[in-house]
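For reference, the structures are reproduced in the following blocks.
One chain, subunit A, links the two complexes that follow: it is found with subunit B in the first and with subunit C in the second.
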Partner chain A sequence: MVSIAGFELDLSRRYAPVEDLWLTEVSEGVVRIGLDPLGAQSAGDLIAISFAAVGSALTVGETFATIEAAKFVGPLRTPVAGTVAAVNADALRAPATISASPLGVWLVELRDVRPEALGALLYGEPAVRPWFETAVARARNEGVLAE
Partner chain B sequence: MSGVLRVVDAGQLSAARSQALYHGLAAAMAPGDDPVLAFSRPAEPYVCIGYHRRLEELELDTCARLGLPVLRRQIGGGPVYLDTDQLFFALALPASDAPAGVARIYEELLTPAAAALRSLGIDAALAGGSDIVAAGRKVSGTAGGQIGDGVVVVGNLMFVFPHDVMVSVLALPDAAMRAECLALMREHVAPLPQLREAPLKPVLTAAYARAFALEPRADCLSRRERAAVDGWEARLCDPSWTRGPELPPLPPRRAVKIRDGVWCRERERGELVGAGAR
Partner chain C sequence: MSAVFESTVEHTERTEGMRQRLDRFGTSIAFYAPGLKRWQSSEWVPERADSFVPVSLTGTACALHCAHCDTRMLAGMATLGPRRDLFATAQRLHARGVEGLLVTGGANRTGSVPLAPHLDAIARIREQLGMRVAVHTGVVTDRVAQGLARAGADAAMVDVIGARETLRDVYHLELTPADVERSLSLLTGRGLAVIPHIVLGLHWGRLLGEWDALEIVARQSITALVLVVLTPLPGTPMAQVTPPSLAAVTEFFARARARLPETPILLGCARPPGAYKQAVDRAAIDHGLNGIAYPADGAIDYARATGLEPVFHEQCCAIGWAPR
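Moving on, here comes the complex of A and B:
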């Protein structure tokens, strides 16, 4: 774990900057996806989450989960294509844990993810740090995050 | 964006169409599109439930007996009773142009509605992020969401509100909680009988146009929007959609949000019902 712009990030994971998600490969072609700390803070305190059905084949940009905070419902879209292999029942039962510990709670597990799709994500401190510092600065500037 | 606020006054719509309207407008949004302010008024009463809420929260037998369709929306919030005495307003814009963060979305997209009410002599303000309140009472139910590439925030303004009907469609464990819920709702949710639809719409339009520095222009649905609204109307009427997503079981003790900061909670057996609902 390293601290970047006031947030703890795990640099062993890959990050999808547009979607504010982290991904980690659990075995060949199988990844788990979660919300990154900036995405979690921007969304607010989650009170509900629902998932795409296990077995759904998702293309890039399709919704793998739908979240709700403060009466606002929004999609979480996958940055990589794959088939939903599992969803986190603990997150379904206690969505507040996602807000409290975004790196500690995976949301879905996708299989059949092509390695080149993972290669397009941000990985390693030289790639992750400048993106995250810029994203946090922008969020603070826009009033999404407290100074 | 072309500096225009498109204003679509859809008039009176069926229950499903009145919900489909804003879903379709958001779903049809593409980057660079002009924002749309839409008005509609339901032609019939119905019950609408938020995306992540359970049908078990409703007395479905009562809904059926009263002839109230039950619709699930793709935006947030709890069960609400909607009828012909309410004006709906919805502001839809491309997600790429929406403020970042849910709190700012509500602040920027609902502040004009509160300002419009103030210009009509109602001391309205945002409270708790997304409620519009006046004199401590909720005067507009609101919710929002991202649908496709569009963000939409929706509100209703109630000219008359039958609190008893609203409470009758909620599944509650006992008569005591029903009575408490009704009392709290009467205390904290207020219609605005002094308002009329006709003068209200131009005032809302002016407030949104001013807030976004856009030129309002009356418009109709585009072909693409109409197709999206049609598609959403069909989806909202599909029983499999109405059943909703897989959710965890209801918590053991029932709680009903009356307005921001005010809840009606099921008491433990033997616990006295009384003050302290907050």
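Moving on, here comes the complex of A and C:
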């Protein structure tokens, strides 16, 4: 873990900068996706989540979950194509845990994810740090983050 | 605004509330997406996420720690910064395209939002920046009510609590419903557009003082009434509370419509999510409410199915009814 702009990030994971998501590969072609700490904090307290059905084939940009939080209500869109292999039932039962520990709670597991799709995501400190610092600064300026 | 599409939803038989609203207000129903949060539904993706922004005068501080909020609602609002200058904050937001402010905050020990030091700033925000300003007041003195009127505040909003037990046990205030009514009276007496809110289920999920609150607002010359439903928030003493039953909420909608036939009644920002929200929104449409903030998925389609004509506003539902 490393601290960037006041947030703890796990540099063993990949990050999707537009969607504010993290991804980690659990086996070949299988990834788990969760909210990154900036996404979680800017959404505020999460009070509900619903998931795409297991077995759904998703293309890039399609909705894998819909969340309702204090500061954000809307879809979470996948940055990689794949098929929903599993959804996190614990997160469904207790969505507040996502806000409390965004890196500790995965949301969906996708299979059939192509390796080149993962390669397009941010990985490693030289890529992650500048993006994240800029993203946090922008969020503060736009008032998305608590001042 | 979402694309226009044909409705595929069946709707139920027309209620008395719907008949009343059609007679008095016609077929238009308003949907609102203020910039209080980033929001979109399957039916409507607003063009501007932050056209109307809440500013907390107290940051995340509040002396009351009400059981349903415990300052959680203040998190994420714009703040005054180290200069404590509301006008400077408004300038900063105006520069990024914000068109209106909800001036709010935590309250002091007497249940008032500390507006008095900011009255001049509110006047300047309206006059120099051309922004609309709605204000959460809490309980007010006549001096503050007069100051808000002089400043030209577009709308004054206050939670109306009709049970002393709720004031004491939820808001931690040693006030009575008569004190709340007095504040409403002071605000309306100064000619402000007053848009009270009633929170259904505020007493740990139970409707207790809400019926009396309805009578209080019915006695005052209000501009519109906003109804919201208790939403148990994580991290608050009410996190595990069960919201009021749909039957109770629906009954309240129907009685509010009957009691205030000439007054716009709006379903405000807060209500529990998911299927509950969808059902509440349908009940609001069925019983003749005039508008809905952050409509649930399917609500717009349902409104069309009842013969209503949706109109979309990216602003606070309360300020939409305040005269310019």
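Everything below uses one rule, namely that the second predicted complex is superposed on the first by the 142 of 147 C-alpha atoms of A that agree within 3 Å, B and C clash if a C-alpha of one lies under 4 Å from a C-alpha of the other, contacts with A are read in each partner's own complex, and residues count from 1 in each chain.
Criterion: contacts are C-beta pairs under 8 Å (C-beta built on N, C-alpha and C of every residue); 3 or more make two chains touch, one makes a residue touch a chain.
Quick caveat: nothing in here was measured; it's all calculated off a predicted structure.
Peer 1: Quick check on the superposed pair: does A:137 touch subunit B, subunit C, both, or neither? Answer first, second, both or neither.
Peer 2: neither
Peer 1: Output check: A:60 vs subunit B and subunit C. Expected answer is one of first, second, both, neither. What do you get?
Peer 2: After superposing on A, A:60 lies clear of both subunit B and subunit C.
Peer 1: Looking at A:74 after the superposition, I want to know if it touches subunit B, subunit C, both of them or none. Which is it: first, second, both, neither?
Peer 2: Both: A:74 reaches subunit B and subunit C.
Peer 1: Go through the superposed model and pick first if A:92 touches only subunit B, second if only subunit C, both, or neither.
Peer 2: A:92 sits against subunit B, while subunit C stays out of touch.
Peer 1: Where does A:2 make contact in the superposed view: on subunit B (first), on subunit C (second), on both, or on neither?
Peer 2: A:2 sits against neither subunit B nor subunit C.
Peer 1: In the overlaid three-chain picture, which partner chain does A:46 touch, first (subunit B) or second (subunit C), both, or neither?
Peer 2: second
Peer 1: Regarding the shared-chain residue A:120, is it in contact with subunit B (first), subunit C (second), both, or neither?
Peer 2: Touch partners of A:120: none, neither subunit B nor subunit C.
Peer 1: Going by the contact definition given at the top, which residues of subunit A touch subunit B in one complex and subunit C in the other?
Peer 2: Of subunit A, residues 42, 44, 47-48, 50, 68-75, 142-144 contact subunit B in one complex and subunit C in the other.
Peer 1: Using the touch definition from the top, list the residues of subunit B that touch subunit A in their complex.
Peer 2: Against subunit A, subunit B makes touches at 50-52, 74-77, 99-106, 129-130, 142-146, 245-248.
Peer 1: For a test of understanding, state which residues of subunit C touch subunit A in their complex under the given definition.
Peer 2: For subunit C paired with subunit A, touching residues are 37-41, 50, 53, 59-60, 72-73, 75-79, 81, 93, 96, 231-235, 239, 272-274, 294.
Peer 1: Which residues, counting only subunit A, touch subunit B once they are in their complex?
Peer 2: It is residues 42-44, 47-51, 66, 68-75, 92-93, 138-139, 142-144 of subunit A that touch subunit B.
Peer 1: List the residues on subunit A that touch subunit C in their complex, please.
Peer 2: 42, 44-48, 50, 68-75, 96, 99, 142-147
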